[in-house]
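Labels A, B and C are assigned to the chains in the order they are written; within every chain, residues are numbered from 1.
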Amino acid sequence: MRRLIHRPEAGGAISALLVFAFFAILAGHNGFLSLLGTAYWLDTASELGIIAIPVGMLMIGGEFDLSVGAVVGATSMIVAICSGSYELPGWLGFSLAVVFGAGVGLANGLIVVKTKLPSFIVTLSTMLMVTGSILGVSIGLTGSSSISAIPNDFLGVLVAFKWHEFHISILYWVLFGAAAIYVMERTSFGNWVYATGGNVVTARLAGVPTDRVKVILFILSSLGAVLVGTIETYAFQNGSITLGAQYVFSGIAACVIGGVLLTGGYGSLLGTAFGATTYGIVSLGVFFLGWNADLTELFIGALLLLAVISNNRLRTFALGR
Amino acid sequence: MKFITKSQGGIPLARKIALGAASMGLAAVMGSVLPALADDPQITIAFVSGPLNDSFFPPLYQGAQDAAALLGAKLNYIPIDEADIEASSARTMQAAIAMKPDVIVVGDFITGVVDPLIKQAVAAGIPVFVNQSGQDQWEADGALGFIGQQGPEVGIVAAERLTKAGSKNILCVINVPGNPYLQAICKGLAEKAKELGVTSANLELPTADSTDQGKVSRDIGAYLQAHGDVDGIFTENAAVGTAAVAAVEAAQVADKVKIGTMEVSKVALQQIRDGKLLFLVNEQPYLDGYYGVMFAYNYAKYGLAPVGAVSTGPSVVDKSNVDKISAVFDKYKNVIGSN
Amino acid sequence: MTQSETPILELRGVTKSFQGVTAVSNLTLAVRPGRVLCLLGENGAGKSTVIKMLTGVERPTSGEMRIDGAVSTFESPRDARDRGIATVYQEVGTLPLMSVARNFVLAAEPQKGRGLFRRLDLETAGRLAVERLKELGISRVTNGSQLVGTMSGGERQALAIARALHFGARLLVLDEPTAALGVRESATVLRLIERVRNSGVAVVFITHNAYHAHSVGDDFVILRRGETLDAFHRGDKQVGEIIELMAGGAELQSLLSQSEKQAMQS
């Protein structure tokens, strides 16, 4: 038991279980437990979860990325302009978005490691620049900031497929989540990420290429946003610059609820998945209860605070002090 | 706070600043390229309204531009930053006054802030037309006319349409919580519904969800699960309308639940054609911009203006006229809608 | 006698100046396998400049540096590391929120499996870490998955040293390893130094604590404002004399009462 509670994902697992039990009991008869209800919160958790995987890795590596939301919106516009306004094949738009996203991540990473400025400020700047530039391009090209995306090739199926209401994003969440957990727990790169976040000087002295680690993490973080941006754009065939704005905070919230330390160096991606699950359950549960939707934010806010407090507790506990 | 409601309202602050700044720059470039007519001095019109990153406004801006080009007037379009709407409403109106234009057209969204400035402009000898919002204040402020749509009337039209289609329990979805204009529409809907003998309820979506159609759809779906008696939905922008359509399809209640929405979009038009949307209420933002400039021009040049408020909405699009609207939508960019 | 063995590192009449300011002048020292060289001095004595030269961060301005008997200098810190010179820092030597095993193998992780299934061999890492720690006399750590943060300061030093030795260090530079430690933890570290020395590794022990130096040192160099104040071998001097030398001899002596002097002499 003691060993179990020592694990960084313990807090996230407990909170996911608690909120599930809470809504199952109170809203079970309202359809929360139905197939549709389950699909609803799983879809929400999966989209947030995909964002939160690389964001969690980055946070464990000791940095933040506030530009993910902007990259989701930018991806949405790129994919929509290509497929909707110019009738180019979907894969081309997606490839462009991948290149764009990787470029933003690379820029974030290089600026952070070269200037040694806090990533909080650097990615806040790139967030504004990404949104501003894509908006400018979009209005220049199409006169609009919200454009229809037309699925015209296999990409439409790859990102928009659903079974009942279970969206294919759930599958990606599981696949990428499992791959990322493997990387973090069972590869040298994962070890370097933990070390870089734990203490960048120690890691560098030990021979870890900390700059390269950070740049890679920033690129992954943007690529997660590109995937989610594409999925969400195709789901409603609508490109919007404002898409994904909420992930700036909910992405970090999912990680923290999942046990990732704000200071870096500690946490787990399994915990992050539990964090996203918690968020998905709470943010839909309130509708099944017919409560005021603003309670979602109250709930998440309270959970976040609890998580930060218990993360620090768990950490001191884990260190046996 | 009228226009923040028009499409996506819940953009986090910092991003809104970026959006506002970018569109502001573009508008400044776009606004001053028109040739003057030979004889008379060119008439300058300052147009204070919403930013182009809000998908409601590109048609309005297009209408204003088209009228200015046609008339040979010089148009200065000054976009308000939605992220900082109170302060920005004041700044933009002050800028308009400082430019000493021949006429000002202004969207009076934050009446407490803008009304004194309208009075100030009028006192400085600049005629003012109020656009889109401010329908209750414009006369008292000394403005010469109003072009736009009355919020509660939208709700009344929606209630009538849904009730006529057989809805007994109507859900009015507010996508920006606490927004007075959107609430006024749902209030108008509720009052009319009561009068017609049917019930109605409001669903306020959390701010964080307003930019995520998938989440909005699931939110509405979850509400429908818990409230099985809902058989009519009215939404206040195009994206939420599409999300509501998806929600009733997922819940397999599409044959029972009728849906109406505000704001034209390509998807919405198709859904009307497919029978998935019952109707949409169109404010005709192109006309807001077009008439705004035209009235301003005629007043500045000839001292002529329409008497009383000019309504550009609510105009309703349904199966009977959707093909005609769609044809125009496809043929002319940013006239019916931007998306 | 070990004295005759070729030193791993040797400085002969080395001077280092930064933009005309001399940080270390005319320094001569030799680090031999199986011996502990104590570099003593108060703050500003030039110890950190010496460390930088020994670990390849800086090169001497003048004088001769010999590596394994041949006149040479280090190209870079990496070059020094590749030639078996390892520095162990007290503050940043280990990562408290990571396990013993992960710390031990950081940046040189053992792998198992092949192709796509190539992965960290944490079992081997843990086993190695526990074994090496045991060799250094640390037996309380028995599980590689234990977080380093749960270990004592001395045990963490041991882990950092074990790690350096495991990856081929033959000369350890220990920068103030006892500075922030209590009496018991300091004793642990001093025992560590002895064990390392006895295994044939060369140790440069930088400290300003004469007692700690005296208890484990074989060769001593005392620096003061960049000058070599004295250099001697084990048994040549008492602790009191060393303290005197470090602090500036007569000045301190005059401040001490007679009884204190007697206590120090004895």
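As a convention for this text, contacts are C-beta pairs under 8 Å (C-beta built on N, C-alpha and C of every residue); 3 or more make two chains touch, one makes a residue touch a chain.
These numbers were taken from a predicted model, which means no experiment stands behind them.
*Asks:* Looking at which chains touch which, would you call it a line, ring, star, complete or other?
*Replies:* line
*Asks:* Determine which two chains are connected by the greatest number of contacting C-beta pairs.
*Replies:* After counting contacts between each pair of chains, the winner is A-B.
*Asks:* Tell me which chain's centre, taken as the mean of its C-alpha atoms, is farthest from subunit A.
*Replies:* Comparing chain centres, C lies farthest from subunit A.
*Asks:* With chain centres defined as C-alpha means, what is the inter-centre distance between subunit A and subunit C in Å?
*Replies:* 45
*Asks:* Report the inter-centroid distance (CA atoms only) between subunit A and subunit B in whole Å.
*Replies:* Taking the average C-alpha coordinate of subunit A and of subunit B, the gap between them is 33 Å.
*Asks:* Between subunit B and subunit C, what's the gap in Å when you average each chain's C-alpha atoms?
*Replies:* The separation of the two C-alpha centroids amounts to 73 Å.
*Asks:* Of all residues in subunit A, which are in touch with two or more distinct other chains?
*Replies:* If we look for residues of subunit A contacting two or more partner chains, we find none.
*Asks:* For subunit A, which residues are in contact with subunit C within the complex?
*Replies:* Where subunit A meets subunit C, its residues are 182, 185-188, 190-192, 194-195, 198-199, 201-203, 205-208, 261, 265-266, 315, 318-321.
*Asks:* State the interface residues of subunit A toward subunit B in the complex, per the touch definition above.
*Replies:* Residues 27, 30-32, 34, 36-37, 39-41, 43-44, 47, 69-70, 73, 124, 127-129, 131-133, 135-136, 139-140, 142-148, 165, 167, 232, 235-238, 240-246, 248-250, 283-285, 287-290, 292-294, 296-297.
*Asks:* Within their complex, state which residues of subunit B touch subunit A.
*Replies:* Contacts found on subunit B: 7-8, 10-12, 14-15, 17-19, 21-23, 25-26, 52-55, 58, 62, 177, 203-209, 211-215, 217-223, 225-227, 239, 242-243, 246, 250-251, 265-267, 333-334, 338-339.
*Asks:* Any idea which subunit C residues touch subunit A in the complex?
*Replies:* 81, 87, 89, 92-98, 102, 105-109, 111, 118-120, 122, 147, 149-150, 163
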